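One chain, chain A, links the two complexes that follow: it is found with chain B in the first and with chain C in the second.
What follows is the complex of A and B.
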């Protein structure tokens, strides 16, 4: 008996072609350009000069200022991710398992930050968090505080705003993971003698790990690369890596050095994500 | 070993009772099936026994102790779910250990008990597998082992064979029944499959519309159905109608004696199982009613005939295929009087 050869026409290839071309032309090529740019000679009065060098990377590693900035950016990313996870999980659980009346409203509320542009949202936070902002004025008019609390122009303000902006990216994957868990698993755990809390801790929580993993990676990567929120709220005092990179590229016109910094940021982020993925490997998944 | 007694148990979700004041006593070590069509309240009853659903009214007693207000985790039940509900992120061993850990049993003992129960369900050597690496039948046996390893007071099974293919289903029927006898655990089994209920149970509880229609041994249910609904739900049946006169019902098969003081002139329905009817060749000279074969269905060990009696009524007959009759052939039909079972007067 002759097995018919598997039909592998051009069909599948044609289907992915538009997306592949788009990504290739507008993502991969510019990325390669950045890699090349990071090895170019810095210019005087021009973005770059002819010739190639490792000097841009040397400059980056020689100055602890840049290293500290990467550390700060990572730190802000970690905290933002952690807070999103802690704040988002209960919401995701409610959306997945709560009664349906709450679900529609909750869903709308979770998605609502995404309906407003990121610039507007960040400006909104400056109105709330500023030294002369709503929070500080209210607290001082109540006599709770003497001087304004430092809510802006520091990491705290950036983290508060980033958590608000990225919360939906944590909630949605966790919600869909919890929705995918068969409710009878918790009943089975209860029938075996587990309390509601134990059933959640031993069954639902570990089974929602894929959603938490996806949410954490999304929020972490978005936090590292966030530009608008940190630049508006951090101001000149606290800069994240993304802000410094843009400064170098646009303000001081150092394209090679800016590219080197941008790549270092990407590489660190990728390393963190890979380590995180390794730590959260789920053996039980196919 | 636990005796379960259910008294006037009711569940109302707000649209009329799903379970309507049912009472039921289950003896120690007895295997009881709740049998009925979907929506008859059998699963709701099971969920109330398990504690997954609160009872609207009534009592559930385990050995005399009312457990209605005892939460699931304190009821000491073993439950097998239709979809097995094995924890996908745990190995077989971890699945089995879960209930024992909840009971704070020391590690070495847990290992011992798991080895024993895996042996019992013939899955020794599978301890390290994850559920997705097992076949449906194997998952089923792990689910059974997980429910039994905690040595619960009662074993509850919710349509556990519904997702298996026909051959495996029959194997598992025997397997579960043997296991239950060996362990001697009081068991409640929910199913809509009458063959499962009949072959496995000590007693079958037939439910319709939230009420118990009949409760009895499989042969009670099959041979002496309480009413038309039960007769039609459990196996195939011919409904024979006839008028009462002088302690006899005159039917197309001849006069059938009935007891029970039915007034002369009432029209009675009698149940007649297809295999209770004998088919004989016309030239055999035996007593019988003439009939014509309309169609026949051969299934190997049995043949199902559809016949038309002289009076025009049709009757289904099931026989061994020793003598085959062709479609259109004239035959004699004979049904012993004691195989007719009165179902009450026809509406």
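What follows is the complex of A and C.
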């Protein structure tokens, strides 16, 4: 006799129903609604007016200010991602392969910043980077600098703080990729005469590429869409696209134009991610 | 890289990761009127100011209330979804997983914007907490799902069938077999959902109604115009609260919380 298959009733479907409704109604529909919103007429005193137009996109492309802002935001995203990769890789390797007693502590240290609110972490950087901040004060008390270094209210400050905020998201995927590599592969290479460096370059590094790819995409997307950090560190002087979009929605109620800007940033970001994905897969196969 | 050099390098990165947090905590004990380093003296002066500041106190109550509501709703919906995923999803398994993780994979700011437009378009608006709570539930749902489904990894459907063949009804099977298995995942997920909801900024910022500032929003507003160490005292209390939740759940309750 066959084991009776679980009765196919409506019962199990009831389990998933609340989540399905929540995600369908309050995630999928609202995202589609952004696209609709970007074609709506700008309103006078209201967020939007009846009727549809391409004007919001026209306004975006007519003004080089917005294009430059997208370019700047992408550039900040690139640099943040690159720095996270370069700074994070050795730490990920140490967490995956190091046999020191530090490993559990190191893992906790990498994860714990994620438990502190983003506003607080950005606030910490304003204390460190400000003109009267710790770094400038210390350097001038040592007589290294005469005036304060411009560390805040510019792209440099934003990148430093973003690297800090997103570094764990780079370290963790690379760490699990390295953990998944059989250590005996490296030992085999060594026994065949490869130096430590060659074994790392030819075995560990290529095999950890998927982790690097995942980390890079994650950090890049997070950097493009970051709001709090660029807003607190950049102040009014340097704005990333996400900050401009949110300000346009909250302060001036330009919902249709804000949607068009948000979509242009998302599309550009998605194109970059897809090209990056293609390139890295090709490299991986080669 | 040689071993000692690598260790030193990692220590520098760990210091970099902790520096801004440590700086905030140290600054909160400053007895002076401004954020000077090293502090002019140490005192609890700014904690007293903070505890007497009704604006921040109200924000903390709002945050705790929303986090509690979010935790309960997200806990129930997420647990049910995880049970479906593990034992009933069948061919849809991958689809269900991606849909449940979607709020985590999509940029928070875009989700916040989308929800803001949506609650207005359907006439709900932001006069009530509804929009904000929905946003918080969405953003915490993936963590609930990850934790509960991870705790069911060892679940074998034949146990439930065995119980059924011995005459156990659906509810008894849930209570005696499923629940003891998933309990650590549910509690861990709920605690983590609480922390995420307590700390989340962008969703709250865009969906808050008048007079419904959560602690991170109040702090953000305060930081745009003020530079006293009071903000550091507020931040330190917030850090202590979230850390306490994690330490209690991992060390005292012995839970293993999955964050990814």
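By definition in this document, the second predicted complex is superposed on the first by the 258 of 286 C-alpha atoms of A that agree within 3 Å, B and C clash if a C-alpha of one lies under 4 Å from a C-alpha of the other, contacts with A are read in each partner's own complex, and residues count from 1 in each chain.
Operating definition for what follows: a contact is a pair of C-beta atoms (placed from the backbone, for glycine too) under 8 Å apart; a residue touches a chain by one contact, two chains touch by 3 or more.
Given the structure is predicted, the values throughout are model-derived calculations rather than measurements.
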### Message
Under the stated touch criterion, which partner chain does A:124 make contact with: chain B (first), chain C (second), both, or neither?
### Response
second
### Query
Where does A:274 make contact in the superposed view: on chain B (first), on chain C (second), on both, or on neither?
neither
### Of chain C and chain B, partner touching more chain A residues
C
### Message
By the touch definition at the top of the document, which applies to A:266: first (chain B), second (chain C), both, or neither?
### Response
second
### Task
Return first, second, both or neither, reflecting whether A:202 touches chain B, chain C, both chains, or no partner chain.
first
#### Entry: Which superposed partner A:86 touches (first chain B, second chain C, both, neither)
neither
### First (chain B), second (chain C), both or neither touched by A:249
second
### Query
Where does A:187 make contact in the superposed view: on chain B (first), on chain C (second), on both, or on neither?
first
#### Entry: In the complex with chain B, residue positions of chain A that touch it
182, 184-185, 187-195, 198, 202-203, 206-207, 282-284, 286
#### Entry: Residue ranges of chain B in contact with chain A within the complex
50-52, 71-74, 76-79, 81, 83, 85-90, 98-99, 102-103, 130, 132, 146-147, 150
## Note on the structure
As the complex stands, chain A meets chain C at residues 3-4, 6, 11-16, 18-20, 22-23, 26-27, 29-31, 33-34, 37, 47, 87-88, 90-91, 93-94, 98, 100, 102, 106, 109-121, 123-128, 132-134, 137-138, 161, 164, 167-168, 172, 221-222, 224-228, 232, 242, 245-246, 249-250, 255, 258-259, 262, 266
### Query
Okay, in this complex, where on chain C does chain A touch?
1, 6-7, 9-10, 13-14, 16-24, 27, 35-37, 76-78, 80-81, 83-85, 87-89, 96, 99-100, 102-103, 106-111, 113-118, 120-121, 134, 137-138, 141, 157-158, 161, 164, 170, 195, 198-199, 201-202, 205-206, 216, 219-220, 223-224, 231-232, 235, 238-239, 242-243, 246, 259-260
